[in-house]
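Heads up, the next two complexes both have chain A, just with different partners, chain B and then chain C.
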Partner chain A sequence: MSEVKKERILKISILRFDPTDPKDFPHIVTYEVEEADGMTLFIALNEIREHHDNSLMFDFVCRAGICGSCSMLVNGQPKLACRVLTSKLDANISLAPLPLFKLIRDLSIYTGEWMRGLSERVESWIHDKEEELAFDKLEQRMEPALADEIYELDRCVECGCCVAGCGTIQMKPNFLGAVGLNKVARYHLDPRDKRSDEEYYEIVGDEDGVFGCMTLLGCEDVCPKDLPLQSKIAYLRRMMIQTAAKN
Partner chain B sequence: MREVKIDTTPARLDFIQSASGLILALFMWAHMFFVSTILLGKDVMYKVTIFFEGHYFFGESYPLIVTIVAGAIFAIFIAHAAVAMRKLPSNYKQYKILKNHIQSFKHGDTRLWFWQIFTGFAMFFLGSVHLYIIMTNSADIGPYASSDRIVSEWMWPLYILLLLAVELHGSIGLYRLALKWGWFEGTDAKKSRIKLRRMKYAITIFFLTLGFLTLAAYIKIGIEHKANAGERYHLETSVVEGVK
Partner chain C sequence: MKIIYTDVLVIGGGLAGLRVATGVKERGHDVVVLSLVPPKRSHSAAAQGGMQASLANCKMGEGDNEDVHFSDTIKGSDWGADQEVARMFVHCAPKAIRELAIWGVPWSRVHRGEHTSVINAQKVTISESEEAHGLITARDFGGTKKWRTCYTSDGTGHSMLYAMDNKAKEEKVEIHERLEAISLIHENGRCSGAIARNLMNGELVAYVAKATTIATGGYGRLYSVSTNAIICQGIGQAIALETGVATLGNMEAIQFHPTAIVPVGILTTEGCRGDGGLLLDKDGYRFMPDYEPEKKELASRDVVSRRMTEHIRKGKGVKSRYGDHLWLDITILGREHIEKNLREVKEICESFLGIDPAVDWIPVRPTQHYSMGGIRTKYTGESQTLKGLYSCGEAACWDMHGFNRLGGNSVSETVVAGMLVAEYIADFCDSDESALNIDTHTIATFLKAEKDKMEALLTKENGEDAYVLRRRMESIMMEKVGIFRNGEDLQAAVDELEELYKRSKNIEVFRSKSRGANPALVNAYRTQKMLKLALTVAYGALLRTESRGAHSREDFPERDDKNWLKRTITSWPDENQTIPTVSYEEIPIEKMEFPPGFRGYGKDLTVVNPETTKRQGVVDALTEKLVREGANRFEIQNALMPYIDKLPKKYQGTNERLGENV
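Coming up: the complex of A and B.
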């Protein structure tokens, strides 16, 4: 305990831009931060805001990998900043906002609008006309294994990492992406949802849906919640082929 | 619930892409084993050749069988190219986005896909040349005829490129096919993917090695046979026994 450990100086380069300022343009600003034990990017960014530049904008809520707000490109990889330990990175770190989503400013993006559009597009809620009216009726029972499987998919926090990690959606922005396909798989599995296979096919049975997926698996590899995206997209693909074969 | 009339074409196209790719990839494995019989000697390769010409069924050789099979493969090849083309970047903007994404993301399977596009595009031309020549010259397959084609008729540069393209494209394609449909997924998809990826690399290395050894063998025969190019191979032993 006698010797004081010399901490690294992190050079954090951040892609900054304020789209509401007509005079601003995208530029990179590098900040130097002394590393501390157990430092995450969340801590480092707060350090920058407190001591270097209070105009820097980024999103955080839970700082524990639960809310999905702090997704950004860390050295080109989509990650939740609160879960990235700086000790796992090189001293030169580059940060950029996730692509495709509406940029608010600097690292802050508006995923909510995009995700809401997605939910409306795939109608990610239980469809059951009869049950809607019978509020006093007990909910239909479900096998625990199936409930677990559905719950697993419900863990998605809509952080947008899978979207940023998907080559297909970068090229073809109309593609649903893993987050959308995951939602569809979740409701397709759910016996309480009474949508027919054909109705599901209408949502995902085209090249903006499951048949547009090229299985690059960026989504699977970057998902901070480790959702089984690869398996569920494969599941949907098999289901949709079966549906087409029936018709 | 309401009646829905769905358009099954996207599903069909996806199925055709996977099925045609699977057939072509498996055919290429078999094809590689057949052509590589030259490594076991000229006689073995010659026997394999006349086997596929129906010699052991009809008592004489019908190269027309090879023409028909090559034609069928050509048709599947064209079908696969037509449906797989949907996945290529369709303009410079998309291509640039993809390149940037690959460069900054540094993700193995995304990078592999770029190789698949690259090799697939190359095969539009390389594969067509090869298939057309085999279709129209199906009688000229054999230890000497094939070697002459490779050396004296200048097919070796094309075959080197085609071999690289086929083996990369085929093994990457099979790997992706398994993941796409959830084959061999087991209980742990992440573990099985690692296994599949290892297998993919092993298969690529195996077939590239076998392919280049085979090509070298034909080139060697072709160089030795250059002076007599056009002469056909015959099983010598049977002729000698017949005389006695």
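Coming up: the complex of A and C.
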């Protein structure tokens, strides 16, 4: 005789709102879903959309924790929803869109605009005025350990969790946030980027940059990629103080 | 009516699309990229293990060059590839990787001195040379003679995509996000842009361009379990098909990756096996050496996937509620290696399986992974039949992969094809030929047609549920158009898919009636398009009565070079037809640099074409003569199959390597 396991009934409460509908207002709807083995929030939300409410909006792309699309508040914590196994949660689950980002509808947020702004603000690309695209020649050498160190910081997926978990941004909306500071640290480390310390100071050497951070470090707590945000912010701050003292 | 004019429209913001966009922009043309998601979230980011380029820096890559990469690629394709295109590709792969190194990808580097590696379940010591220190290193992948797959840990696609997107931002490439191209504007065999739908507010926008490029990736989501991102639904191929003019190539050529986790189908990279990981059965027995004594776990992907399926069919799989699976064992590599070089794999195992791969075995089984087929193009990336329409990357059938792609050749193709196609498009835009003669009435007609389709879906009554049709399609593809195929199942698949397609004309969007952001509406129109595409795959597979690469017919196990050395071409010329039109394109043996042979897996079941023997004779005689005369490898290659003049001038140069051409 096969054993029949009784699955839990999950009660998933979702903060819903369609800002383009003048009659709509933010409200919470609760859906009941039967749990299955290995169920993630990706599976649960798709089940709700297919069987309960086909108008529910959310953003999944890779559903493997790689692309950073599905960040939302899960029981109040910023998380990549695709990686959350329901078995690790209580049967009552609350979901809300990631705060501080432009809302498209329900759990879907517009991170693209923010990503572009971030990239342009810190100019997250290699700056080399002498750069010559010598693609027929042997590549420039790099110390293997340094390449690994750069990759470590390059792993950021710009999901926005650190922004949602940041106490400083709540008060100073123009604060760059850990994601931006990490990028500056990444390019500063990269010998291919020829920007001077002074040029980096122009980008982050102020209250909206590294000196604005109140060191609450919610960013490091919620980063799904376990980036060393705390040590990189500390490093940047030391570097910027040195640069300021030098001038 | 909102019309946006530009020189070049690029549909798709992954690696291929972004590389095309930056290339044409650099040549002075205006460009707009349409992307379903912010480009950094594209599926390119999911490529883990690496990019093939014959740099020959590391010890195990010594002696590698374009010739070796070429023969691996052609063998891997089971001789289905276009050999000139494959030559163009292997010649430019080192250039593309070096360009990306300049743009910031932190490629893993060679470290001088000794290091331990696992090869064939044995720990071996490899000694790297002093002169290679700090150059880009590589790992082993399936179906390759040398260690050629360059990487950044197992987040290669992520690093490449980020560098590429950052470059596009530096060049101020205009990117319109959450914009979905839903039809192509075309008239008299000339494509002049696309109608796109804004997924945030439902607005329809016409984009008019001299050249339109489709770089939307593969169509893996026709299958219920796929490693692909959920946006890889083949809509790019479908809108090309719906023109009735553009054609698709080899749609039945679908790759299954041996090691996706069970049940969710998330990929664990081929790098796991490349770095020394093993496949084990329910008894913990390493079975691959029994099937493929030479290459073992590192046989070509199609071969490993079939062997795993065979082994499961013998009752050697591990039972689970989601069906049988096998084990991938990477514990032998050690924690340090896993945490440095396979960290995405580790995260995936922790998050989705709750296991630690440094200690536990990973449950895996072959899963849909890659689309070799796509929009059929010339070597320039332009459609063979619709002028002004281009395609590259996984979306295209360019065709360097034939019937099976080698691991590491896909991200490599995206950037190589991207940089080449950008030049051909720029040349086209520079020429008088590209002048557009289109009136706004035509644009309005195309725009209205799409508006009417949306209205019909929203206002239909007593119609069909798109989710039901789509789920059924996905399981038909999975069960009947999978790793092993046979005539009976394929016929049943075609019949039922045709039925589903007819029903899909009657889809109704239930309840969710918003004309703005509306996921149910999106699912409805995509399902209609996906069903057409599924039919091209299943019908092409039914008609191809041979086994070649990833297309494996149990009722026709031979690779039949006499009758089937040709590409399947599908089109949909009449809106009212319910089965695609199929024709074939010969792959001429008499022009091949590398005539068909035995791939070296299992038994040789080739039905030899008499032309093969003839051509092999010519190739051998010519090679021997030139060697005698002291010709170098470039001269010999050029005599056998000249291709270099087809490349844009700037990419014709010889590649430097340690000890060669420096």
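Observations
Keep this in mind: the second predicted complex is superposed on the first by the 237 of 247 C-alpha atoms of A that agree within 3 Å, B and C clash if a C-alpha of one lies under 4 Å from a C-alpha of the other, contacts with A are read in each partner's own complex, and residues count from 1 in each chain.
Quick note on the criterion: a contact is a pair of C-beta atoms (placed from the backbone, for glycine too) under 8 Å apart; a residue touches a chain by one contact, two chains touch by 3 or more.
Because the structure is a prediction, the values reported are computed rather than measured.
In the superposed model, more residues of chain A are touched by C than by the other of chain B and chain C. With both structures placed on the common chain, the touch criterion links A:Q170 to chain B but leaves chain C unconnected. By the touch criterion defined above, A:D18 lies against chain C but remains apart from chain B after alignment on the C-alpha atoms of chain A. Using the contact criterion defined above for the overlaid structures, shared-chain residue A:L107 touches neither chain B nor chain C, since it reaches no partner. Using the contact criterion defined above for the overlaid structures, shared-chain residue A:D136 touches chain C, although it does not reach chain B. In the overlay built on the shared chain, the residue A:L227 is in contact with neither chain B nor chain C. Contacts of A:E120 after superposition: chain C is touched, whereas chain B is not reached. Within the superposed three-chain model, A:R195 lies in touch with chain B and out of touch with chain C [touch as defined at top]. Residue contacts after overlaying the shared chain place A:M214 against chain B, while chain C stays out of touching range.
Within the complex formed with chain C, the residues of chain A that make contact are 18, 20-21, 37-38, 40, 49-50, 53-57, 59-69, 83, 85, 104-105, 108, 110-113, 115-116, 119-120, 123-126, 131, 133-144, 147-148, 150-151, 154-155, 157-158, 190, 192-193. Interface residues of chain C facing chain A in the complex, by the touch rule stated above, are 37-38, 40-43, 45-46, 55, 94-99, 101-104, 106-111, 133-137, 152-153, 155, 158-159, 162, 165-167, 169-170, 175, 177-178, 200-201, 229-231, 263-264, 266-267, 321, 340, 344, 347-348, 351-354, 467, 509-512, 514, 516-520, 523, 653-658, 662. Residues 73, 76-77, 165, 167, 170-172, 194-196, 198-199, 201-202, 205-207, 211, 213-218, 221, 228, 230-231, 234-235, 237-238, 240-241, 243-245, 247 of chain A are the ones that touch chain B when the two sit in their complex. Listed in rising order, the residues of chain B touching chain A in the complex are 1-2, 4-8, 10-15, 86-87, 89, 94, 97-98, 101-107, 109-110, 113, 176, 179-182, 185, 189, 193.
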